[in-house]
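Two complexes follow with chain A in common, the first pairing it with chain B and the second with chain C.
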Partner chain A sequence: MTDKWISRLILGLTLTFLIGPFLIIIVAGLSAGETLVFPPNGLSLRWYLKVFTVESFRESFALSMFLAIGGTLVALLLGIPAAYALSRYKIPYGEAIKTIVAAPIIVPGIIVGLALLRYMVMPLNVGITMALFLAHTALVLPYAVRVVTASMMNLRSDIEEAAILLGCTRLQGFTKVVLPNIRSGVLAAFILGFVTSFNQVPVSLFLSGPGVRTLPIDMLAYMEITYDPSVAALSALLAFLSVGIVALAEKFLGFSRYV
Partner chain B sequence: MFHNRNEGLALALPAAIFTGLLFLLPVGILLSEAFQVDDGWSLMGYVDFAKKPLNQKVFLRTLKLGALVAMTAAIIGYAAAFCITNLDSKARGRVFGLVVLPLMISPVARTYAWIVILGRTGIVNDAIMGLGLSDTPIRILFTETAVFLGLLQLFLPLMIISLVSAMENLPKDAIPAARVLGANWFQVFTKVILPLTKEGLVMGGTLVFTGSLTAYITPAILGGSKVLMLETLLYQRVNVANDFVSAGIIATILIGMSFSANLLLKRIATARK
Partner chain C sequence: MSDQIVSIKKMTLAYGDTVAVPELDLDIKKGELLALLGPSGCGKTTTMRAIAGLLAPKSGAIFIDGRDVTRVPAHKRGIGLVFQSYALFPHLSSFENVAFGLRLRKLPSAEVKVKVEAGLSSVGILHLAARMPAEMSGGQQQRLSLARSLVMEPKVLLLDEPLSNLDARLRLEMRTELQRVQRETGVTMVFVTHDQSEALALADRIVLMKDGKIVQIGTPDELYNKPVDAFAADFMGFENIFAVDGEQMTAAGQSVALGFSAPKGHVAWRPGGVAVGSGAHSGTVIGRAFVGERREYVIDSPLGQIKADTPANEPSHPMGEEVAFDLPQASARILPA
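Then we have the complex of A and B:
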């Protein structure tokens, strides 16, 4: 009996440490006062509402959404064929290709941002948005390949071979047999990529210019000037957004199988 | 399995070329720049870098904090993982979900909460002054303690996840058997649990350690310029001094460390097969 209580105490403390700070952020954002304190001075929704009226938040939110959705789509466009080839063919240098594609996970993001700024944006006159887009795509690509490969592994290749024997072209075999079967894997890859890209900070640190900032970078900049609860409110809203997306994905796809 | 190799290559190469050309090439050039001094190849950049006391201090602090966070995460992680694996399956799923949840949330949001907790008018200082332990607020923000707490909260889930999956593979009877045969809990841990979950510990430890080394937001928000770590030093060198040689050197150190950690992980993973 005492064992059970000790176990509950340990888990309770651990979860308080992990989750507690968010609850504090959510409540601190509800403050009616001008500064960020906990417990808040009175309750109101003013900061949650103010977030939507701040021009720079709106712009950077749009940019982050564009990078997360567009970058992940391009990563899937590159990643699905690669995952297919890596699991269905014996390719020369297959291991090397895998290593190259997986590399962005190991390289710290801040270095990537700096390298792209120095050797792409400055000398080649590539726009910052473009550089951000390329960096986010490359960053998401390893996850896309890994998740899609995992769901390819569960798909027997003889079904596809049977379809081809029965008269499908190779392309039809892929679109009619393979794609429908790996659909939930692709969706899981999209969600994982979206969340990864949207929450990404270090890559975007050096890749920001006048009017071009991702949302997390904009929040960092805002925090440096003002100490009002709006960043707390925005953080809480973003937390709800990603948790909501992941919870939906878990419910309908069994998302955690892929992560 | 299809055998047309060219077809396979045609499908896989675009992804590799994309990452190689647009991602690895620029990073490679940046790293090579640290070896170039006055238009020649040399290690002088590294020697100069290593001589500066600030750089030494930041390097050692980064290692120290990384190791401390990894060790603390291991201790809490073992306790939590042990409790989680002993729950019934429904409760286990729920608790595990709550452990994973923070990983989905923006690190900016996760770190920002600590300002409210540790700041001059934060919860901790309110409590200290309320209890009469101090008359003036003590500084916790912008100390190593603050960075340590932030990093621990950020990366603890990774350790717990690794240890839970290691413990699930533990034979069910191993612990009761050791207990029946007269081992106390300390012996059960060192002689049974630790050897059998070593791989999970190494994996979790590597993830937490490299994560802490390469974290930017936490040291930036909670440490500021008072508690520089390698990532924040890199940012400062570039933004304040336009010093790309130092930046390249720090980049090489960071990549070297996370690369060797990953190599270690891979070796362990293949040794198991």
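Then we have the complex of A and C:
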């Protein structure tokens, strides 16, 4: 009897710890007061509405969307052929390549950010937007390769040969038979890539510059100057966006199979 | 010359530096059902892939219908292949699987529909046109795969181990089905198998291969009754094989009187050819199995382990019994070196 209550208590505390901050942020954003506090001073939607009127939020949101969508698309364009080659052919040092490709997942973002800033952006004088775009593409690439490789593994290679014997060229075999069968893997990779890029902080922190910031960096900057509840409101909105995307993905794709 | 659909000339196949098939010569006749038979690694599948164009020969040439196709890519050869795993397209319905190749030929959709339906009904699965491959049984998938290749009206239809993934009952059904399809369409069929009984039951002609080389080509009758060497004999069920020279044969390292004379080479008996109950030799029963119409024995004797069958209506010999047996000249297959 006591065992049961202890395990329930532990479960409750764990859930509180996981979900609590999320709830606090949502409620804090609903405050009617001028500063970010919990519990809030009265309730209103003013800060949720104000978020949409802040010019820098609009700009940085647009940049973040561009990086997340564009970077992920480019990563897929590079990652799908890479995943194809890694899963279909005996490539010398294939296993080593897979490990190296996965490196950005393991290496702390702060190191990647510093390295890119010091040895790419500064010596080569790369523009801020370009640097951010390249960095985000590189950060998403491992997920693209990994997730697409996983769905390629489930696909028998002889269906391509069957397609060829029915009159397909190699390329047609890929587009008509391979792509349709790894479609859900590609979509899962896109969503994972999007969320990874959109929520990226440490690398963007190093590479952001005057007037060009991703949304999370802009939020940090905003808070240093203005300590009002709009950051909480925006955080809550972004959290809902991420949760919504992942929930949809899970419903339609069985997303959790790939991650 | 005109009755050959495929002609292979001095074809060498290799994976990297490893030669799998050295300088193979083989003619396949139009409309025949040919089996490429051999143990795994004998080069039969490799040869089949080369005919399909999935593997480029290192040297030599392949002619189809008198045309040199050695450098023609697989998608332009007009060869069908039914894969061992069926290789159906999982994202397409069975109708669309069969329509796949026809659509690539840009046939008008009305014609595609007619051909697909004819194809599906020729293998008896027209009622499954809307099913996805994953919703079909193994036998149905096999039929679908067959229909998908047949609607393309291939010059040659290759089948990779067509019966190995089916259970015993389906195997018999599919065997009959393949023969019927072959008879009705007249398509040349070449199938690869490691199972001699499958080859014997299905083929017009059998090509027995070992280590990338052809050991024997012939009708099922010829291979079964007149294997040309010890390997062919062993593969065709002559399980008791001994080296022989004149009046003496070598068994278990000893010289034993043969009882008759044979040229230097081998002499072999099927288990059914060994006479159990009387004879010059004797041994102990160390294995026995009742398989319905006959009993199978393993007899441990000075000649080594002898495999022998007796009709089921003869008295049975219990384990451990000392039995006499004979290796008669009448049932011996003599294989000169």
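The criterion applied here is as follows: the second predicted complex is superposed on the first by the 253 of 259 C-alpha atoms of A that agree within 3 Å, B and C clash if a C-alpha of one lies under 4 Å from a C-alpha of the other, contacts with A are read in each partner's own complex, and residues count from 1 in each chain.
Operating definition for what follows: a residue touches a chain if its C-beta (ideal position, glycine included) is under 8 Å from a C-beta of that chain, and two chains touch if they have at least 3 such contacts.
If you're wondering where the values come from, they're calculated on a predicted model, not measured in any experiment.
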item: Fit-or-clash call for chain B and chain C when the two complexes are aligned on chain A; value: fit
item: Which superposed partner A:Tyr143 touches (first chain B, second chain C, both, neither); value: neither
item: Partner chain(s) touched by A:Leu15 [first = chain B, second = chain C, both, neither]; value: first
item: Contacts of A:Phe133 with chain B and chain C, given as first, second, both or neither; value: neither
item: Superposition-derived angle with apex at the Cα centre of chain A and sides reaching chain B and chain C, degrees in steps of 10; value: 100
item: Partner chain(s) touched by A:Ala163 [first = chain B, second = chain C, both, neither]; value: second
item: Chain B versus chain C as contact partner of A:Trp47, first or second or both or neither; value: neither
item: First (chain B), second (chain C), both or neither touched by A:Val177; value: second
item: Contacts of A:Phe194 with chain B and chain C, given as first, second, both or neither; value: neither
item: Partner chain in contact with A:Phe57 - chain B first, chain C second, else both or neither; value: neither
item: Which of chain B and chain C A:Ala28 touches, first, second, both or neither; value: first
item: Minimum distance between Cα atoms of chain B and chain C in the superposition (Å); value: 9
item: Chain A partner contacts - residues on chain C that touch it in the complex; value: 52-54, 74-77, 79-81, 83, 85, 87-91, 100-101, 104-105, 148-149, 152
item: List of chain A residues in touch with chain B within their complex; value: 7-8, 10-11, 14-15, 17-19, 21-22, 24-25, 28, 35-38, 78-79, 81-82, 84-86, 88-92, 94, 96-97, 100-101, 103-104, 106-112, 114-116, 118-120, 134-135, 137-138, 141, 145, 157, 195, 198-199, 201-202, 205-206, 216, 219-220, 223, 231-232, 235-236, 238-239, 242-243, 246, 250, 256
item: Residues on chain B engaged by chain A in the complex (per definition of touch); value: 1-5, 7-16, 18-20, 22-27, 29-30, 76, 79-80, 83-84, 86-87, 95, 97-102, 104-110, 112-117, 119, 121-123, 152-153, 156-157, 160, 214, 216-217, 220-221, 231, 234-235, 238, 244, 247, 251, 254-255, 258-259, 262
item: Chain A - residues contacting chain C, complex; value: 155-156, 158-159, 161-169, 172, 176-177, 180-181
